[in-house]
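The structures come next, written out as structure tokens.
Below are two complexes that have chain A in common, paired first with chain B and then with chain C.
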Partner chain A sequence: MSTTSPAIPATEYEPPRRSWYKRNEIAVTPWLFLAPAIFFFLFYVIFPIFQSFNISLYDWDGLGEARFVGLGNYQELMDDSAFEVSLWNNLKWLVLYLLAIPAGLFIALLLNQTVTGIRLYKSLFFFPFVISQVVVGLVFTWFYDPTFGLLNAFLGVFGLGPVNVLGDPTLATYGIIAAGLWPQTAYCMILYLTGLNAVDPEQVEAARLDGAKGWKMLWYVIVPQLKPATFIAFVVTIIGALRSFDLISIMTNGGPFGQTRVLSFYMFEKALSEYGFRMGYGAAIAVVLFLIMLVFIAYFLWSMYNEEKGAR
Partner chain B sequence: MRSMIKTSLAAFGLSAVMAGGAFAASHSLSGDLKIFLDTSNPAPRATMEAMIAEFQEMHPDLNVETTVIDREAYKTQIRNFLTAGAPDVATWYAANRMTPYVKAGLFEDVSDLWEDPEIAENLASTKGAMTIDGKQWGVPYTYYQWGVYYRKDIYDELGLSEPANWEELKANCQKILDSGRKCFTIGTKFLWTAGGWFDYINMRTHGFDFHMQLANGEVKWTDDRVRETFAKWRELIDMGGYIDNHQTYSWQESLPFLVNGEAAAILKGNFAVAPLREAGLDDSKLDFYQFPPITEGVELAEDAPTDTFHIPANAENKEAARAFLKFVVSSNVQTQINNGENLGQLPVNAMSSVDDDKFLNEGFTMLSQNSPGGVAQFFDRDFPAEMAAEAMQGFQEFMVFPDNLDDILARLDKVQERVYGN
Partner chain C sequence: MFPRPIQTQPRAAQITYQALLPLALIMWLAPLIAVAIFSIKPDVDFTTGNYWGLPSSFEAATNYGKVFFASDMPRYMLNSFLITVPTVIGAVALSCMAGFALGVYRFKSNIWIFFMFVAGNFVPFQILMVPVRDLTLDLGLYNTKTGLVLFHIAFQTGFCTLFMRNFIRQLPFPLIEAARVEGVAEWRIFWYVVLPLMKPALAALAVLIFTFIWNDYFWAVVLTQGPESQPVTAGITSFNAQYRAAYHLMSAGSIVAAIPPVAMFFLMQKHFIAGLTLGAVK
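Let's turn to the complex of A and B:
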């Protein structure tokens, strides 16, 4: 009986050979999870940026041989009146589109109360943001229509002559921006409505005891607390203004005679539309647009970075 | 194995394929035949599908696959699919519109088809439009006339008759204006409609050859003769002959002015007839006249845009594709697909019969007997794409602000230098 070895379990723990992955799990796993996103981001976002820079140095119709022209495309841009018009229009969009922020704030303040059916009113005000830009464009095109449009019927009541907003080269861009402000205001409104929920009632109460009301209350107590909402509204509005394309395409198709084009639309016309296949020239316009956007993107990133540093 | 059968059958097919009735006898084509169409509107689509079904029936061993692409989207997609994943047959347009693809070597040279007397003789009228560098790059399948479609009842009411020259056209216009209507409706939002007006006034003032010289960049836009054309055009603009605010409307949106009797006529292709009839203008109210001569002695030339079929250079089943092209232009098929119930346009084959339709008949007579100057394709098909885009934008501006002409022409000269310089 005692000859057999005792059936006791091995008491000494021998650690198994751990794999390389196990040893580095903590450090590697996040990168594994990030890998697909990084890969696609590099391939679909970063790489095309450099590709655009590269193409903008060539004269290429997308079919035949590309011919290197150096900065020739940019030189031509400097001298292109259509490009100049587009650039100015982009500026108009940037400045006027910002009106959506105060407008959104005031609608939000108006709707931030408890009345029967307030949810219905809120959703009605939010409605233009939900519908497609294409529909917004069509609706405003009909609204502006010189022969049967509501706008002219309305102006007629006051004895004002008919205006062809979209057919007048000086007015058309403003007409389109007004159409764009409609959904954009709704967007800013919803941002402010959520922001208003987070306003501290005690601070409001305290301010009230100190005798603040009306504009002063709004400017010194409410608006500072809405700073995060304002920042987001600013970001989405600037980006929205630079991305404006659908409305222009639907409402005027860049016309009359190219006076409502913006950079993105001009790039499309030159590089991808029915009549133009100047890939290099289009890419050069895209690069200019990218550089303009870069200014804003840098600013946004910088202020977000500062915010986070402050929070720490 | 399969490819062996395919090649042997194809070789057999080549000898068996003949135009017209001989088709029924050939059962020799096999493999896949991929066809890309841009005929996305309901009526043309149905016509094309019926025609392809008939071709399929004749060649049961052939597997025909048809893809219909939206007409506008097609214009940009063609660049992609010709280079990668090419079909065996694709629709496109004649003349300068096919130049980029011919130059890039993406269309198959089909001059061999045009040597066949069946095609050479019967399609002679469109051969020029299919020819680049002395070779033919496709076959036409339909074309249509342009001209003035007018409200006969309004003309009768005012006691007007079809104008025989420019002065009469203007005199008519004055009477129409006096009756509180506009002479011509037009919608220039998408620019090309104005190209039709320039085509006609320029061809009537200086003739077809001059027009083509301009298209080929041999004449400057600031040339005095071009200015004369614009001066003629301006006469109509200054009278107030066109509807107001035309820059805001598409051509479809410009039709109600004609239907409601607010404008008396429209310069347009025959495709405008269908929507106008649908809107209630029957043949007693709607009529057609050829654009009248302007300069005496200048031979009349017409716009007649031609739609075409091509074989991409990268196609896989070129034998079947050639058979299909022959089938499409054969006289029976041409009669069938162009009749009033189908495309409602003119057949390209001289042996085909034109459907008994007032406008098709007038158009056919006009193009075959009264267009000695030549047949143009249309402004944006005859001029290189980039030139056309800039010029048509200039036309729109001119129609709204005629005083900007100098500025416009200087701009066009600049574009011309770049486009033809390369």
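Let's turn to the complex of A and C:
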């Protein structure tokens, strides 16, 4: 660390016996301010990441003696069909969750007007995001229910038979993703509403004079200006997709026949459920999830780094 | 403005738009509206199969009364408050200081420390689960609210520091330089110059963190069990197990569990949205 900030220049007339702290104030202060946050963060977030890597090399039930097995857990993962299912489901989540971005943009465009009461509409459209995922999960479980669910009541009007979305191994994951898209779309919508507010009206007018309208206008004039909003929407959606746990736990608990598991859920199941405490194996699954995430984290940090260089 | 203001469109289009809005809203919130309707229905409607007809009687008071006076729900709600409020205070305090340090001072490792917070904030929870649970057990804090609060503070510090640091970067730097020239001590600059300017950021972060922590489920399940320390998100599952198939009560319980963050959002809407969308505009 070095003092690069402009320090107080006139020090010659000060009495010579200033304390060490006073002399190094500018260099020391940031570290004093940072200390508690860094301590907490290292203790609870950074070190545990490395510990997980370590635990994944052991066979451990969380209580007894841990037995070193090297990459044994990872080898076991290769032949684990439940792991494969989880991995595929994670991919489905990642791809389909991204639909929240265009859907959010669509709703934002719909609501970007100045009619009476529009503010209330905006907040009510945003409202699903504020509710906990647990409640969203419950709400959608009942929504899909084959006997009294609103979905089947609605389908019944058209004479379509009852569909047991969450009981069907092929449909269940899509049903849960749809539930997850509900709050996520609301989030993207609010990002885009803020972004649309800041779109340069002069550019829009100029484009209009040049005859741009509709899709062309949206794609060539508006969307480029929404880039910061899109970046954040992308970041939060990817993270949301890979963190999905609450909805699965509430809506299907991994079933039917384990077909709705994703890595984050499978890991929890292996490490902390009635199937026995396999901490090492769970940690190995978490490491795989982390490595997938790392690709995205690296990309996010790289984008931010480039921006920082531009800023200062 | 894009799309073109509806006021410049023909009358017919305006009327269609005005009519479409409430319709779209009802469709958007339909699953939630259904639950709200369930929560005021009597028990008998579910046994007779009257799911979507008019309620045979309005039982809002009975159903919600049961949730509040005949279940563990109030206890879970209290736990949630006792977990959420200290976390908000702790995370905001830590990140104010860290954000100040990273936003105002230039030193070599600045950007790397900043990235440590940002990267940690993106990490999937699962990689922390086994070690953090272990750590909490070792500290004797398993199944206590304190254990949950300490972890939440630490984890939220990542996001909060990112937020605070970016906010402080936007403050006028000459103000701080002027104070330095006057010979004001650095901690006084923080307390008397920077902190007052950070009020909007403090409000925004406080409501955001309140919502995030209130809605946390994963850590509640990992670090606590039982009504003495579980927050409402975890408690609702035991509540539902207790009233299995009593959909009117489960619906009422879910709505009660969702109310505090919703109320927070509607009361502090401006700050909430400002917080969520920080960085969405250049």
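Just so we're on the same page, the second predicted complex is superposed on the first by the 294 of 312 C-alpha atoms of A that agree within 3 Å, B and C clash if a C-alpha of one lies under 4 Å from a C-alpha of the other, contacts with A are read in each partner's own complex, and residues count from 1 in each chain.
Everything below uses one rule, namely that contacts are C-beta pairs under 8 Å (C-beta built on N, C-alpha and C of every residue); 3 or more make two chains touch, one makes a residue touch a chain.
Note that the structure is a prediction, hence the values are computed from the model and not measured.
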| item | value |
| --- | --- |
| Per-residue touch tally on chain A - higher for chain B or for chain C | C |
| Which superposed partner A:P201 touches (first chain B, second chain C, both, neither) | second |
| Chain B versus chain C as contact partner of A:A178, first or second or both or neither | neither |
| Touched partner set for A:L94, first chain B, second chain C, both or neither | neither |
| Which superposed partner A:M293 touches (first chain B, second chain C, both, neither) | second |
| Touching partner for A:L109 - first (chain B), second (chain C), both, neither | second |
| Partner chain(s) touched by A:A66 [first = chain B, second = chain C, both, neither] | neither |
| Touching partner for A:S273 - first (chain B), second (chain C), both, neither | first |
| Common interface residues of chain A - those touching chain B in one complex and chain C in the other | 62, 147, 272 |
| Chain B-facing residues of chain A, complex | 59, 61-64, 81, 145-147, 164, 166-167, 252-253, 255-258, 269, 272-278 |
| Residue ranges of chain A touching chain C (in the complex, touch as defined) | 1-8, 25-27, 29-31, 33-34, 36-38, 40-41, 43-49, 51-52, 55, 62, 109-110, 112-115, 121, 123-128, 130-135, 138-140, 142-143, 147-148, 150, 153, 182, 187, 190-191, 194-199, 201, 204, 217-218, 221-222, 228-229, 232, 235, 239, 242-243, 245-246, 249-250, 263-264, 267-268, 271-272, 279, 282-283, 285-287, 289-290, 293, 296-297, 300-301, 304-305, 308, 311 |
| Residue ranges of chain B in contact with chain A within the complex | 72, 75-76, 79, 83, 100-101, 103-104, 106, 189-191, 244-245, 247-248, 380, 385-386, 388-389, 393-394, 396-397, 400, 411, 422 |
| Residues of chain C that touch chain A when the two form their complex | 1-3, 5-7, 17-18, 21, 24-25, 28-32, 34-35, 38, 46, 49, 51-52, 94-95, 97-98, 100-102, 104-111, 113, 115-120, 122-135, 150-151, 153-155, 157-158, 161, 169, 177, 180-181, 183, 185-187, 190, 211, 214-218, 221-222, 233, 236-237, 240, 247, 250-251, 254-255, 257-258, 261-262, 264-266, 269, 273, 276-277, 279-282 |
